[in-house]
Structures are given as structure tokens and as C-alpha cells.
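Scrolling down, you'll hit the structures one after another.
What follows is subunit A paired twice: with subunit B in the first complex and subunit C in the second.
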Partner chain A sequence: MKFTISRNSFHSTLQKVIHVIPAKSTVDILYNVLIIAEGGQLKIIATDLEITQVAWSECNVEQDGSIVVPGKLLMDIIREMPDLEITFSADNNFKILIESNFGEYKLSGQSKTEYPSVPLVESDEKIELDNSVLKRMIEKTIFACSTDNLRPALTGVFFQIFEEEIRMVATDGHRLVKIVHKNSGNQEFTKELIVPTKALNFVARNLPEKGKQQITFSESHVLFELPNTNIYTRIIKEPFPDYERVIPQNYTKEMLIAKDDFVSSVKRVSLFSNPMTYQVRLMVETDKLTVHAQDIDFGGEAKETIPCSFNSEALEIAYNANYLLDILRHIDTEKIKFLVEDSDGPGLVYPEEQGENEEIVMLIMPVRIRS
Partner chain B sequence: MKRVILHVDMDAFFAAVEQRDHPEYRGKPVIVGADPKGGKGRGVVSTCSYEAREYGVHSAMPISQAYKLCPHGIYVYPNGKLYQQVSREIFDIFYEFTDAVEPLSIDEAFLDVTGSQKLFGTGEQIARLIKRRIKEKEGLTASVGVAPNKYLAKIASDLEKPDGLVVVDAQRIAEFLHPLDISRLWGAGKHTQEKLRNMGIHTIGDLAAYPRDVLNAKLGKMGAHFYKLAHGIDERPVVYGEGVKSVSNEHTFNEDVLDEEALLQTLLRLSEKVGYRLRKKGLKGRTIHLKLRYDNFSTITRNKTLPVNVDSTQKIFDTVQRLFKKNYQTGRRVRLLGVGVSGFGEQAGGEQLSLFEGEPAARSELDRLQDILADRFGKKIISRAESLLKEKNKKHK
Partner chain C sequence: MTYFQNTIVQERVLYFFNKSIEQDRLAHAYIFYGSEGTGKEAFALELAKAVNCLAEDAVPCNSCSSCVKINKFSHPDILYSFAAPGNIKDAEIRDLLKQKSANPYRALPIAGHRTVSIDIIRRLKHEAKYAPNEARKRFFIISGAQFFSREAANSFLKLLEEPPENLHIILITNELHLLLDTIRSRCQPVYFPSFTEEQIKEIVKKYQHFEGDLTAIIRMAQFNLNKVFDFLIDDPTEKWELVYAYLKSVAKNDIPSILSIIDRISEKRDKNLISQFLSLVILWLRDALNISITNDEQALVNMDYGEAIANFSRFFEPSDFGSIIEKVEQARTDIERNAHPALTLTHLSLEMNAALKRKTTDQVREEAI
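Right after this comes the complex of A and B.
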């Protein structure tokens, strides 16, 4: 094989897929990328067996061919090059020669026969989403996913596709986010599936600001078709917990509070919380909220009071400050609606007003205060 | 959830044991303590029977004074070993009902039976069962207080001694507490009591009605403390499991092992053992330890402290597995593996609650079932499929 390409095109193509390469794997071939040159196009493929990403760009192909190359090494070489023409060639013994005006670099590759194949995703079940909507839905959910591999269902985002709306739900058991995009076209099918968080991270990273993207669902995989790159991900085949059941419907006690005040207070006060638990106590009264943290082990203590309005009698409730901040940061309105019923039940967090065609609700579970 | 705390106090413990073992002492004033030496003895009364109390003798009284009050009493030198033996047997009865047993001394303890009610009935029923068990097994009587916290339970157990049972209804704390004399206040010595009486406070009810800020001004820090007690508030948990600093298990391989899967499987088995022992003891620890000895005897120990105390096999294994993967030098032969849990103290914060309470609980349920089967049929009867499959594979190789 032999092709010529500008360093910048090579770099940006490789850059797209390089993060898919696993940091640690028992399957050595996954440390490599598969390079294919054919039909005037350079294609680079990386996979960790869960996620496969393909990126491409135009190039001048002198001789079609393919080869498997150590990904990190290739990236390191290309990254340090200035933007020049690069000629990349490989012979039948998988010896690679990279040439530029500066000099030449030789390395060994291997045959593509060992490299895992790209999943086939053929299905009529497709949806189309505005980039801005998809990006927003991903960003609002993935932070709440679990990293606990013992609960695989929670390590991804739950997609629910209905005829008139698309929902994404994420939870790690301690907090939960549900975001609904309404009037999202007319899907002719309904579907529920869990998409791994890591894949969604890659999708968000490769999404341009404008435009629409197509998402295809097969039985085992999801395909995100993005500009100059496709991302394939395996679906997590586990039952997602019945999340609707845990979202309370009958709450009446509501606190309205300025988001920035709340976030800054919790940030400052939580510096004094115990570094293992990050526990902060909130005392909600009709006209004020007191945020209190104490680290018994080291003797630190902090307390702040900020205005709020609460329509019920005083209530004390404790949270992990990190969970709380995660939730609050993802609310976009100036004021936050915070609903609580008692100090053991979930807190419900809403923006003061829902966005157009959107419904978002977040839940946070408290830390039990010793009685 | 409202707590249910029992305070169990043996009645005239040492003297009662002596009377039990010496029928000829029964119905007579028995005074356990120093040798009175005809009234010239030094030392004090350790315990005396209720018969002796009628003569005005009480514990901690100088033995010479006791002799004056009751010269014909039966004076017995304490038999510490015997009392300890009996005490252990009584504590074993407590552990039949809960693991949350905080010993206060050889003959009294707090029991948190909040979680035992599903199995054994209400706090009052548990108290009756405990009293009956002690009576049947040891031939001794105990007085029990049942209340929503330690302070009230302790007061309650003392009200109807001997062989008493007093239940403090959580809804009627004031009714129970307010008529009591302030000498019942925990932490109020003679001096403080006098001070309170000078302020016109004679009963706990008087104290509860007293303006809080005046109390604070007059008594300082103790003011807040007494204010809480007067309203029956006491948040101290029943502290148990102290004494044991860590629970650990080790395994030395017959032949040094290279296979990472086999090592992980051993870690799982050790985690199961440690988890089982923790749950038996009613302990939950925060720090998980890994011990790893290579074939050349170089040994590393690593630990990780979790935000919450755990006793579940799965949690222990998760952590120890992570420690192992981070620290094991692939390709080296391993001679010994060890798994341990320590840090049983009260955790820094409360328990993070979960939205789907079914799931983690289901896992604890697995632990619970495994423990029951292990108790009944031996520890090999059941283990996690991961460790079973591996063993099967090995046999096929």
C-alpha cells in the first residue's frame, strides 16, 4: 500500500479514533489501529471490542492496501511533525515507511487478518437528532452514570425511543437524571436500550455544533454517523431499573433558590466537610437555607446562610456535596426548584422553567442523618 | 426509624451468683467485697444482696461501715473468674438477639434491638425473652429498660429493680421523665444537683420547663447537655464491636501460583471468609487490606479506606481486587495472599441512601443466605459461581 496525505489530515483523522484504544488490555492487537487506503480515501479504525470507531479523510492513494500499526507510536510520530506532505507505504512483509521532507521513519506493522472486524449495523430503526439536542442530552446525563462494573446497567445511559419523544436516563443509584426531548419527529418504532457512557463521550467529542446526525439501532449495536467518522458501540444487555417508580409524584414541599448562590455556598462549605464523605447538611426554612459542614476528625466546620423561599416548615437534610454540586451545575436556569418531602427521601431538582420541547428532572438521594 | 434500645442490668450480680451457687446464702444478707476483719478491714463493698441493702449496705461503701450495719452478714471474697464466666454466658444470650451489644461493665450492657424486632417482636417482647433466657439458663434475674435511646433505657432499667422491666414509650417520654428527681440526670454530680436545686429545679420536669438561655448562662456547656437530657434526647449510638481491631484471612498456596485468575479466585474466597466472619461478629469496617507475598518472600501490604463501613463479600472483594490489580507484578509467582478488614469505628458520615434500595439489599440477602447455609452445612456448601467455575475449569485442564 502507498498513499500521500498532508500531516494535518492524517493527524486529525488519527486523533478522532486514538482514544478508543484501551489503556490496558489482555488482547494485544487492540493497542493497534487498522489503516486502510483505498478509493482515494484513508480510513483509520480503532476498537476496544465494545466501541469501534472509524474515521476517514481524502488522500492520494497510489496503491490500495491495509495494515495494522501500533496506535500510540504512530500518533506520537505524526503529532510531532510539521504540516507537510507525508508518504506512507508498506510492503508485503508489513514493513512501514513514513517519509517527509524531514526524513524517514521505519516501523513494523502486521496483517489486518488478526484485527477485529467492524460491526455490521443494518436496521431500519433509525432516528435523526439535531447535534445541539444530542449533545445536550448526553452532557446532561452521563455525569450521573455509575462506574461500578458490578452494576453494568448503570454504567450506560438508558435510551427510550417513543413515537413522539426521546428520553435519556442515567443513574448510579444515588442520583438520577431524566431528560425528555419532545416532538422529536415521528419514529415509527419504539425501543429501549442502554448505551455505554464511554461511547457517548466519544460521540459528544466528535459532534459539530450544527447539523443533524443519524443514529441506527440494531439488536446488538448502535451506530452514530458523524462527519468523517462513525462510532459503533455495543449495547449493554441488562435490564435498566424501573426508574419511573422512584421519581416521586406527590411532593408538595418546594424550595426556590438562586442557582449560583446555592452552588457557591455548597462549594465553599463542602471544603470543610469530611474528605471521605463530603457530607453537607442543609437546613431549609421558609426564607433561608443554611448549609453546614463539619469534619469531626480534623475539627473543621463551616456554615453559610443564603436566601430562599420554602413553602413548608423547617427541614434538615444531608447530602454528599459532590452529588449535589453535580446536579446543581447541570441546571441552566437562574433559579432552581428543589422539592423534598423528608430527610430520608429523594430530593427532586428542576429548572425554574423547562426549555422548549424539553423536560428535565434530577433526583438526589440524601445521606441519613443519625437520629 | 425510631431506635429501640435495651439497657440490661443484672440484679446484685456478684451476690446473686454467690446465692445461686450457695443455697445456704439465699434469703440472707450477702456482702461481696473486701475482708471485713471484724470491722477493722479496709477496702469496700463490691456488691451486696438485696437482703443486705435492707440494712443500709450498698456497693462502694467501706467494708468496715458495712460490718457495723450488718455484722451478721455473710461476707464473701469476690470470685472474679466465676463472675466473668457467668457474664460471658449472659452476653451470649444478648448476642442471640442482636450483634449491637455495648458492654458497660461485667453485668450491664446496652443493646440496640431496632433491627431485631422483625425476628423477635417488639422491644418489650425482646426484653421479656432476654429476662426469661437469663432466668432459665443462669438462674439469675436482670432488670431491663426499653426506650428510644440509651439515656432513657438506663434510667428505666433502674426504676423497678430487682427483676424489673420498664418500657419508655417514645410518645410519652415527658410523662416518664418529668416526675423524676434530678439525681437521675446523667452527668449531674452532687455539686451540680445542688446548683440546680438552688435554681428551684428539683425534678427533670422543672429542668425541662426552665428557659434554655438562662440554663446555658448559668451552667455553660452543661446547660445544653442537660436541656437535651431533660427532653429525653440522647443521640449516642450503641457502640459495639470494639476490641476487635481487624478481621483477616490468609492463604498460603501449596505451590507458588502464577495464574492471575487463580489468584483472583483465591481473593474471592478469602473475601467470602472475611465477610462471613464480619457479619457473624456484627462488624462493619472501612479499611480493606491486601497482603501479597511473592515466592522470594518479599511481601507487600496495601490498603484502601472506603467512605462507608462495609461487611459485604462483594464490596470487600471489589476493593481487594482493585488493590491487587494495581499492585500485582504480572508474571511473578505468589506464595501467599491475605485479605483483611479494619476500621470498625463509627464512620465519619451517615449512610448514603440509594434510589433502588432493592438492589444492594438483594446482594446483602445473598450474603445472608450464604451465611445461613454455611452455618448449617459448613462453609464449603455454598460459594459464588465465579469461584466454582474456575475450580471446574481447573479440573478439566
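Right after this comes the complex of A and C.
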């Protein structure tokens, strides 16, 4: 194979996929990238067996071919080069020659046959989403995923594609986020699947601000088609819990509170909470909210009062401050609607007004207060 | 479609898996057991190749991309893990895998305390939650299953009980009885008997260039394929010389010479070396017993020393060899269980000397006629 390409486009193509290469693996071949030159195009593929990313750019191909090259080494060479024409060639014995005006670099590669194949995603089940919508849905859900491998289904974000709307749900058993994008239209199928968080992080990182992108679903993989790059990810094949049953429908007690006040107050007070439990207590009254934390072991204690409005008699409830802050930070509106029924039941957090075509619900489980 | 045409494997195993694959009734978990050097790991890989091979008639073809990847341990859905020391580095694992891929019939050269760690099981569980990448049927192969740590075994049970679809687990062990009952009862055991001499010769031909006759080496290795490869790389003649010298000194009760030989054997503080030495002593005694009864030098394990063995059995009472072999075996077990090597060997030498009964000159002459 032989092709010439400018350093900058080689670098930016390689840069896209290089993060997929695992930092630590027992499978030797994963430290490599697969380079394919054909039809005036350079394609670079990297995989960690969970995510496969393909990136491409235009180049001048003299001879078609493919080769497997140590990824980090290649990146290190290209990164340090100024913007020049680079000629990349490989012979039948997998000896690689990289030439530029400065000089030449020789390294050895491997045959393509040993490299894990790019997943085949041939399916009619496709949806199209605005980049901004997808990015937003990923950002709002991904933080709530579990990292506990004992419950594999919770280590990903649950996608539900209906004819009228697209839902994404994430939970780790302590909190839950459901975000619905309505009126996404043109769907002819319904589908439910779990996408691993790692892949979604990659997608969010590679998403440009504007435009639309296509997502294709097959039995075992999902394909995200982004500009000049494709991301394939495996699907978690586990049943997702019936989350609808967890979200209570008939809550009447509602607190309305300014988000920024609430967040910074909880942040300050939680510094004094027990470092094991991060428990903060909220005392909700009709016109004020008292945030209280105490660390009995070290004698620290903090208490703050901020204004709010609550439509019921006083109630005391306790949360893990970290979970609470995580949720509050992901609400965009100035005021937060906080629904709670009693001190043992889940709390529901809504933005004061839902965005256009959107519905967000966040749920947080309380810490039981000893009485 | 024919299976395993080019695979060298014990007939009963071949028959069993031919049937299972044809009827599409592969079990979700197997235990391959049998003594060392019976090609269990190699066959586990062959099985994974056969089921996933892309060729259309004879499988495994060993040339399609699926087979090549399995051979090189780079297939994303065929995971091979093995019991290893807890602090093993990824680079070492990759190195060991390269050796295994060069010759799957050789045992991995791992010294020291080995476990199947919880990390290995975590990795497998992590992998199991996904849909397969490209394989029709996924295989998780765990070698050294007798070395499961307690946490690993318990964590593994969950996967073993509810494996996802099209996932097959193969546990490989030399010692079936050391596995937890809870694991053993959830797998189908498959016994691997020793290879025949022809099979060993054929396999050796594939992986190692060797001129000359393998028969002697195969007998010396007692049909243990792994040992055959050991002996091919590390010539045993020197060791036989030592055994010969040792037995000579014991018979003569030449204490200084015995002690110097014992020093030579135990100076490297390698238990395996000593146990290998004692195994050779046992083989020698077995040969001597054999020749005293059959008088057939062709049947010997150690054909190079035929004459010396014949002489040995001529001068000593063969009826005592049995009890001596027992003593040597006891010493070998003791040393494997961390008895002091030099002391045990010295004690053994004195005991052997006391047990060896020299025939009278008259007896020898009589028998010679």
C-alpha cells in the first residue's frame, strides 16, 4: 500500500480514534490501529473490543492496501511533525516506511487478518437526531449510571425508541433519570436496548455543535455516524428494570426553590457531614428550608436556612449530599420543583418548566433517618 | 461438513464432540480433566475454532480469519485465561500467550504460587454482559481450574449458573478432585486419556524439528506430551548420568560421593528438579525390575543404559526393588511438601543402601549359566 497525505489531516484522523486504544490490555493486537487506504481515502480503525471507532479523511492513494500499526508509536511520530506532505508505504512483509521532507521512519506492522473485524451493522432500524438533542440527553443521563458490575444492566443508559418519542433512562439504584424527547417523528419501529456509558462518552466527545446524525441499531451493536468518523459499540444484553414502577405518579406535596441557592447551600453544609454517609437533612417548612449536617465523630455541624415555598405541613427528610448535588446540577432552570411525600419515599426533581419537546424527571432515594 | 479432520486428539474425545456438534448440543460448561500433557488446552482451542470456523467443509481450517485470530489469542470472543501469580503484569501475560500460541501443547512456564484470581472472573463477567462481537459461539477457557481462589470461585458460580446464550465455558484441570463441588456439579466433565505414541510423534513433528527416534523420550516422559517437549529442549542424558552415579554410590555405600551428588542436586533449591531426579530413579528401578523378569532390553524406558541396568539387576535381589521404589516415592512426596531436601535425600540414600541386598557371587554365577 502507498499513500500521501498532509500531516494535519493524518493527525486529526488518528487523533479521533487514538483514545479508543485501551491503556491496559492482555490482548496485544489492541495496542494497534488498522490503517486502510483505498479509493482516495485513508481509514483508521481502533478498538478495545467494546467500542470500535473508524475515522477517515481524503488522501492521495497510489496503491490500495491495509496494515496494522502500533497506535501510540504512530501517534507520537505524527504529533511531533510540522505540517508537511507525508508518504506512507508498506510492503508485503509488513515493513512500513514513513517519508517526509525531514527524513524517513521504518517500523514493522502486522497483517490485517489478526485485527478484530469492524462490527457489521446492517439494519433498517435507524433514527436521526439533532446533535444538540443527543448531546443533551447523554449529558443528563450518563452521570446516574452505576459502575457496579454486579448489576450489569445498570452500567449503561437504557434507550427506548417509540414511534412518537425517544427515551433515555439511567439509574444506579439510588437515583434515576428519565429524559424524553418528544415528537422525534418518522419512526417505524420500537426498540429497547442498553448502551454502555463508555461509548456514550466517546460519542458526546466527538459530537459537533450543529447538524444531525444517524444512529443504527443491530442485534448486537449500535452505530453512531458522526462527521468523518463512525463509532460502533456493543450492547449490554441484560434486562433493564421496570423503572416506571419506581416513579410515583400521585405526589401532591411540592416545594419550589431557587436552584443556585439550594446547590451552594447543600455544598457548604455537606462539608460537615459524615464522610462515610454524606448525609444531609432537609427540614422543609412552608416558607423556608433548613439544610443540616452533623458529623458526630468529629463534632462538626452546619446549619443553613434558605427561602422556599412548600404547600404542606413541615417535613424532615435526609439525602446523600453527593447524589443530591449531582441531580440538582443537572437541572437547567432557575427554579426547581421538588416533590416529596414522606421521609421514606423517593423525591422527584423537575425543572420548573420543561423544555420544548422534552420531559425530564429525576428521582432520588432518601437516607432513612434514625428515630 | 466434517469436524476435526486435522486435529490430533484422543478418539473418545473426538467421538464425543463430533456427536455434540452435529446435534448442536454443546453444553454450556465443560471440565476437561486428565493428567498433564494430554492436550486439553489445545483441544479447547480446536473446539472453539471448529464451531466458529468460516470454512464450509472441513473445520477448523486454520486459515480463515476466525481461526487465525483464535490461534493468536486475538479473537474478541474467545477468551483464554489461566491461573497465574497474583502480581503478574500484563506484559508477562502477553508474553506467555505468545508462547502458548507458538505451541498450544506446552504447559505455560509459570513458577510459584498460582491462582485464578477474582480479577480474571470480573473480566469474564464484564465481557459476558455484552452481545458477542463476531463469533457464533463465544468460549471462555480457564486453564488451571484447580487454582480458583475462594472469592473467584464463588463469584464465578453466578456466571456458571446463568450463562448468556451461546456462551460456552471450558475449565481445564489436571486434578478434578480439587475443584469445588459446586463448580464441578455445574459442568460436564470430559476425560482426556494419555496420547498414544503415534499421536505424540505426529504432534511433535508439527511443532519441533527433531531428527531421530522419539520412542525412548516418549517412554521416559511416560506419554506426557509436555515432558516430551521438555526433554527435547533439555537433553536428559546428563540427568541419567547423575542417576547412574548416584545409584552406584548408594550401592557401594560411598558416603562422600553420595553427599556430593546430593549437594549438586539440591544446590539450586529447585523442588521440581529434585522431584524430577527422583522420578528418574524410580524409572531406573522399574527398568531393573522389568529386565530381571523379562530379560528384554527393548522394553526398557532408558535404553541407553540397558547394560548398566541389566548389571544392576544381576547383582541385586529384585524382590526388594518394590519396597525401595516406595521409599523413593515417599521421599519425593515429602520434598514436594517442603521437607528439607538435602536431609531427606541423605536419609533416603542410607535407607536404600540398607534395603539393597547384594546377591552372593554363587547366585550370580548360577543365574549366568
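Please note the rule applied: the second predicted complex is superposed on the first by the 371 of 371 C-alpha atoms of A that agree within 3 Å, B and C clash if a C-alpha of one lies under 4 Å from a C-alpha of the other, contacts with A are read in each partner's own complex, and residues count from 1 in each chain.
Everything below uses one rule, namely that a contact is a pair of C-beta atoms (placed from the backbone, for glycine too) under 8 Å apart; a residue touches a chain by one contact, two chains touch by 3 or more.
Predicted model, so just to flag it, every value in this text is computed and none were measured.
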item: Subunit C versus subunit B on the shared subunit A, clash or fit after superposition; value: clash
item: First, second, both or neither for A:Ser309, with subunit B first and subunit C second; value: neither
item: Which superposed partner A:Leu49 touches (first subunit B, second subunit C, both, neither); value: second
item: Subunit B versus subunit C as contact partner of A:Asn274, first or second or both or neither; value: first
item: First, second, both or neither for A:Met365, with subunit B first and subunit C second; value: first
item: Touched partner set for A:Thr171, first subunit B, second subunit C, both or neither; value: first
item: Which superposed partner A:Ile296 touches (first subunit B, second subunit C, both, neither); value: first
item: Contacts of A:Val246 with subunit B and subunit C, given as first, second, both or neither; value: first
item: Stretch in clash, subunit B with subunit C, out of 55-63, 127-135, 325-333 or 361-369; value: 325-333
item: Sites on subunit C touched by subunit A in the complex; value: 65, 68-69, 72-76, 90, 93-94, 97-98, 122, 125-126, 129-134, 164
item: Subunit A residues touching subunit B - in the complex, by the definition given at the top; value: 150-151, 171, 173-176, 241, 243, 246, 274, 276-277, 279, 295-297, 318, 320, 344, 346, 363, 365-371
item: Residues on subunit B engaged by subunit A in the complex (per definition of touch); value: 1-3, 235, 237, 305, 307-308, 314, 318, 347-356, 359-360
item: Interface residues, subunit A side, partner subunit C - complex; value: 24-30, 49-50, 113-117, 119, 149, 152-153, 155, 196, 219-221, 234-238
